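Below are two complexes that have subunit A in common, paired first with subunit B and then with subunit C.
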Partner chain A sequence: MRGLEQAIRDTARELLANGRVRLVLGYREGSVPFRTTPAFIRTPEEVDRLVWNPFCANNLAVYLPAAVGAGGCIAVVAKGCDARSIVTLVQEHQVPRERVVILGVPCTGMADPARLAGADGSLHGTAVTWDGEGTLEVRDAGGGRSVAVRDVLQERCRLCEHNTPTLADEMLGERAPAMPGAAEAFAIVEALAGRPVEERRAYWRAQVERCIRCYACRAACPACYCRTCFMDKTAPRWASKASTADESWMFHAGRAFHLAGRCVECGECERVCPMGIPISALNRMLDREVRERFGYTAGLDPESVPPLGTFRPEDPDPGGSEER
Partner chain B sequence: MADKQTARRTAKEQAPAQTAWEPLIVAFLCNWCSYAGADLAGSSRMSYPPNVRVVRVPCSGRVNPLFIMSCFKKGFDGVLVAGCHPGDCHYVKGNYYARRRMPLAQELLAYMGVDPGRIRFDWVSAAESGRFVQVVQSLTEQVRALGPYAVNKARI
Partner chain C sequence: MSDPYRHSILPKTALGGWLARLLDSYRLVGPVADTETVTSYRRLGPEPMLRLSGPRPTVSPKAHLLPQTETLFTFQGSGPALALTAVEPDATPTVVFGIRPCDARALRRLDDVFLERAERDVHYDQRRRATLLVGLACATPGWGCFCTSVGGSPAGTEGLDLLLTDLGDRYHVAVLTPAGETLAAAAEMGDAAPDDIEAARAQHAATAARMPALFDVDAAVRNIRWDAPVWAEIAERCLACGVCSYLCPTCHCFDIQDEATPDGGVRFRCWDTCQFGEFTQMGAGHNPRPTQTERARQRVSHKFKYLVEEFGRAGCTGCGRCVERCPVNIDIRAILRAFAEEGR
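Showing the complex of A and B:
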């Protein structure tokens, strides 16, 4: 998989050198060995800063509308989830298809830094090197150890159904094997939905009550591109700024619904949440519902119309009409 | 003066405690069918539970799911959304969009702990005054059986 990094660099260099794109969105090394940071590469000389490893967690599609808005063609290093986000952006006319070059990277899942922490739960002083395949060498105060990436996957990656990009202009590797939890993507939804309604209410109330309304979920979400979010409006003021359970409930319920039939479950919202709120359990529930009701999966077909933006005259009639 | 105001306020605050709880339901009625149906029920002297507060909207497609969430946040106990029958929409297809949106919103809120019985999405035409009465009656009874939603009281 070191080959992937080389392929990313070579392709990026070529695209920049021949003027096909003005910017390449990718990953570069972060300030600690178990993180990467988004890279904005504008010249062929900078291309060697691009990296590929099991810590390329960010969904780079989030930068695409602004980058395209600033002009020119943009190349994006895209994992399966990123590619699906781009499909959504194309579908919703936020990004013209011809202005984006998708550099598809078959993804074998990202490692969760929290699961590399030593016995003391700290990552302070931890050094990590990747062997280029499926193993991480971790060195910390407790000594060195080998960890398989598969054993420390981020949950969203473990459950990923489309780790190989479904749409790419340049595919930079062979199709990656399916992720271990792909078949149980909705297990958390089923577990929650099976509980009594009062328990669900108490559960979500306790979850949203912890929300500090930093809006990191919204900032990290490629589908949250509205210039004015409903939460920022003053008339009507859907919810106040107060981070109480009621107001935050409104935020999370509203945001989840706005992503219905659009969310590709990249899980960025949950990853960036400083309070550990299980945001994607809301999105997954709506995703499951949309698949069942409308037979539609988000982010697969740029030509299709999102299910809430269309209808069929033969759609089922609402329940609750029993005494007709 | 201040005493008078305080007395009035105190009386107001105490009032709910003295009377039995009654469900409070918001009804979003489409201007062209359901609102006219409710109007016909009134002018036909039909009686229905006084628990609904009607909000007239141009079309059931106008009803944003955020309206429903707002109602529950503000402490209402139930929500009714009613529009023209499929094919009868004044704007041709507004109710078709609502028919995709509303059940999904109901499902999301159910998942988050709002009993689906508190939300009702239905068709009522301008001639169906009886049906309007029936829908309001059955929803009111359903919500009464579920008890107060009262987000705010749960916190105190």
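Showing the complex of A and C:
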């Protein structure tokens, strides 16, 4: 898979050199070996900064609306989840299809740095190298060890159903094998939905009570592109800036509803949450509803019409007279 | 070399009894596991809840001194009949137990802002006076930690009343203040043997040795520039969330809001951050920090320029939370190192 890194660089170099794109969004080395950081590459001379490894966690589609808004064509290094986010942005007219070049990267899942920590729970001074296939060599104060990426996957990646991009302009590698938990993508929903409503209410209250309203979930979400979020509106003010569990619940529930049929389960919200709130369980709950009632999965087909973006007389009406 | 403080020893078996006795007289706050990987300073009850191992907690303790939302006063009626009612802050005597040296030092930086200026913040003041700090020397630096680069130490005592050092089956306790003596008197502590004192010192030195200074902070402070290109470079990646500020133990900016019904209402203040677009949004629409570039400059300059100019001390204690939790790996250590190395 070192070949993927080379393919990304070669393709980026060509696209920039021939003027097809003005900017390539990818990943470059981070400040520590178990993180990368988003890269904004504008010249062929810079493309060798681009990297590919099991720490390319960010969903770069989040930068696309602003990048496209600034003009020109943009190439994006896209994992399966990122490509689905781009599909959603195209469907929703946030990004013109012809202005984005999707560099599809078959993804074998991102490693969760927290799961590489030593016995003391810290990654201080930890060195990590990747063999280009499925193994990380981890070295810290406790010595060295080999870790299979598959054993330290981020949960969102373990559950991923579309790790090979479903839409790409340049596919930079062979289809990747299915992720180990793809068949259990909705297990958390099953586990929660089976519990009594009071129990669920208590569960979510305990979760959102921890929310510090940093809005990292919203900021990292490519589908949360509203110019002004309902939480920030001041005239009228829909939500209080007072940080109470009720207001935080309104935020998380409101955001989940806004993402119904649009969320692609990239899981960035949950990855960036400093408080460990299982945000994407809410999205998966609504995603399951949309799949069951409308037979629709978000982010797969840019030509399709999202069910909540249209109306048909025969649409299911779960709150209506038929089912009451 | 004479010691500036008294050394005691607390067997770990006596920790529970000590906490129970403290709980009779104080509200106790300490590091508690929220999840497997998230630790917060939370109010402690009689049952054992502390998570004292591992790197410093995920969330800083500042909410206990500067609550995220705090009602300042209520109002009733309107016009000439308008009546204001002050809301007294909850100043219950509180012990923050197991606070890390970076976080204790950060409270001293909050003191600069809220107590050292001409106008003291009465709400903060009352809570602060009622708060005692029992520190725990850091034995496990987090990957983003850089206290030693900004004048701190994993066993620093600034602001603490007691400092505990974990020696396996017992704690070495440095008694640092008269208030610390009072707290220590509630425990079954003995005098520390010379070996215990030596073991504590050795641990402090060993942890510090794992954390060499990463940059010359004075040089960084000198070189931070209004028009540096790095602000735009940070802004390009920055998602404009509030993780860095809200986890930060010294970020203290707040917003003030009124919420009212026709019968009356409340005025409260709540955390805010320069990273949010609405932060300096004026009523008429103008924003003096219109893009993330100005906001990136503001956060770094506030800590390492403006507070240094005002108080002679930077508003950062190197806890590394912003480093570890930034969704896009913006690392303030790299920013400061680049400034420090400019022109060398």
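Methods note: the second predicted complex is superposed on the first by the 315 of 324 C-alpha atoms of A that agree within 3 Å, B and C clash if a C-alpha of one lies under 4 Å from a C-alpha of the other, contacts with A are read in each partner's own complex, and residues count from 1 in each chain.
Convention: contacts are C-beta pairs under 8 Å (C-beta built on N, C-alpha and C of every residue); 3 or more make two chains touch, one makes a residue touch a chain.
Just so it is clear, the structure is predicted and the values come from calculations on it, not from any experiment.
When both complexes are superposed on subunit A, subunit B and subunit C sit side by side without a clash. After overlaying the two complexes on the shared chain, residue contacts for A:T11 are found with neither subunit B nor subunit C.
Of the two partner chains placed by the overlay, only subunit B lies in contact with A:F294; subunit C stays clear of it. In the superposed model, A:S248 lies in contact with neither subunit B nor subunit C. When the two structures are aligned on the shared chain, A:L286 is found in touch with subunit B, with no touch to subunit C. Of all C-alpha pairs linking subunit B and subunit C after the chain A fit, the shortest spans 10 Å. In the three-chain superposition model, subunit A touches both subunit B and subunit C at residues 244.
The touching residues of subunit B, counted against subunit A in their complex, run 65-66, 69-70, 73, 86-87, 93, 96-97, 99-105, 107-115, 120-123, 134, 138, 151-152, 154-155. Residue ranges on subunit C touching subunit A, taken from their complex, read 34-38, 40, 53-55, 58-59, 68-69, 139-143, 145, 210-211, 236-237, 239-243, 245-247, 255, 257, 259, 268, 270-272, 276-278, 323, 325, 327-331, 333-334.
By the touch criterion stated above, subunit A contacts subunit C in their complex at residues 30-32, 35-38, 40, 58, 62, 114, 120-126, 141, 210, 212-216, 218-220, 232, 234, 240-244, 268, 271-272, 274-276. Within the complex formed with subunit B, the subunit A residues making contact are 189, 192-193, 197-205, 230, 238-239, 244-247, 249-250, 253-254, 256-257, 260, 282, 285-286, 289-290, 293-294, 307-308, 311-313, 315, 317-321, 323.
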